[in-house]
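Heads up, the next two complexes both have chain A, just with different partners, chain B and then chain C.
Take a look at the complex of A and B:
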């Protein structure tokens, strides 16, 4: 025959046990919330960076400035003759 | 060990003393409006033999080191160059010499012949046109009641030399289905000055004279009126 006494928790013990359980639950929920916030922030940062990468290169005007001593006129075919300041003759082919 | 440290110290000190004694200054400028590669060649023309320009294309920045007077001048230049695209009115007059004997454009003595020709002969046809184009843009002058048109692509403007770059000037003639290019050229023309370009006859085209006058247009700011 087995003899023994059934251990029954007192109210005080039971309450402290429940409190610890509740604290653990709260901690788990807080950790989940923190993980969620960190993930959301990481995604937001990644999205902002991706958008910035797309728009980070502004379109600057490319318009080459003439050099000081550059030739006034250059023709694709033939030659240029200057007859006076700002008057030029283009020899674009053989005249007939 | 001490000797090595001394040599290292001198290596660092001597170039600094050299730079200070020559008044070498170094600046870095980030351009806001213009591509650095379009401005740098003109800036390099202002440098002394001891000067140097380096380009950071990814940040659109210029690093300049030269004598302080030159650096100050370049800074002033950049402040005038690094502006939004300026607008120009390109006015043009086209003279067509279709009824003129083309022998005046003989290869020998061409200078005398053409100068005489420009001074004495009258054109059989004359057309006028104007177009407003911004730096770096393209435009076209359609000469009214004529088969001719002038295509223009503008480059940049040098405010000190008052020269405007024409990346392309093409005189075209409309034929049945397409346009035939009579001549095509690149040019650096004076702003506010009329440039005369005489184009030799090339069969089947007659000789032409093209007068081009690029004029800078003032920037007009429209302010909203308060009710």
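Take a look at the complex of A and C:
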């Protein structure tokens, strides 16, 4: 058996070793946090996309109103819709 | 000068568990308890102190990071294996010609061959021993350091090196004999 220490380092040298080790450890912790955030974000995006795919888009009924005697229509909010065609197509907001 | 006694595996495991939970003091204590002897072994194996520091630091970070090392039961043994394997990897990359096949037969010595205890008591003996170790072939130096400096048994060494315990025992005996002869030449007993 070889008793004793083969390579002797001074306290200063060991302190430098420990400082570098601590710096590497902190860097690894930061890398882990970044990896965790990226993974969480990727999962969240994937979940949102999956939910969007599952939600069926509403299929609204449209009403076509023939226009014969007027050039403009007053809507509830008070704005005027100029008519260039002879029909006004209205989204009823009611799903099929 | 004698090296300080290393903490038990139980103590080291307790420190490792605390360190993994974010206890920086426990991590520091774990390193302080183990670094000296492992560093000595790696530096003697690789013959490069800067490389030995890098390997040792990599070993501590891997041990601390559960995603790398998993559930470790014996931290010291784990560190020994990790650092020895990294040292061999380094030697294979950088000195492939000098690193002979570990399975190669070496001089067979009587099974009752014993080696006297070698105490590294002062800087003169230390330098002499380091220079003698550097003269040994890589495979004998590595097995000898694993056995006589890190205190690993032949089964553990064989499992780390991927060879048989009998080959390891032969390499240790052969290494010891060469080391003692070289020390005698230097008039160090």
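Observations, loosely collected:
We adopt the following convention: the second predicted complex is superposed on the first by the 53 of 96 C-alpha atoms of A that agree within 3 Å, B and C clash if a C-alpha of one lies under 4 Å from a C-alpha of the other, contacts with A are read in each partner's own complex, and residues count from 1 in each chain.
By definition in this document, a residue touches a chain if its C-beta (ideal position, glycine included) is under 8 Å from a C-beta of that chain, and two chains touch if they have at least 3 such contacts.
Bear in mind that the values here come from a model prediction, so they are computed numbers and not experimental data.
Applying the stated contact rule after C-alpha superposition, one finds that A:8 touches chain C and leaves chain B untouched.
Once the two structures are overlaid, the count of chain A residues touched is higher for B than for its counterpart among chain B and chain C. With both structures placed on the common chain, the touch criterion links A:38 to neither chain B nor chain C.
In the superposition on chain A, contact is made by A:20 with chain C only, not with chain B.
By the touch criterion defined above, A:48 reaches neither chain B nor chain C.
On the side of chain B, the complex with chain A involves touching residues 31, 33-39, 41-42, 45, 60, 81, 84-85, 102-103, 105-107, 110-111, 114-115, 118, 135-136, 154-158, 161, 163-165, 167, 182-190, 193-203.
Those residues of chain C whose C-beta lies close enough to touch chain A in the complex are 1-3, 24, 27-28, 31, 35-37, 39-41, 43-44, 49, 52-53, 56-57, 60-61, 64-65, 115, 117-121, 123, 126, 129-130, 133, 148-149, 151. Residues of chain A that touch chain B in their complex: 58, 60-68, 70-76, 78, 80-81, 83-84, 86-96. Partner chain C is touched in their complex by these residues of chain A: 1-9, 14, 17-18, 20-22, 24-25, 28.
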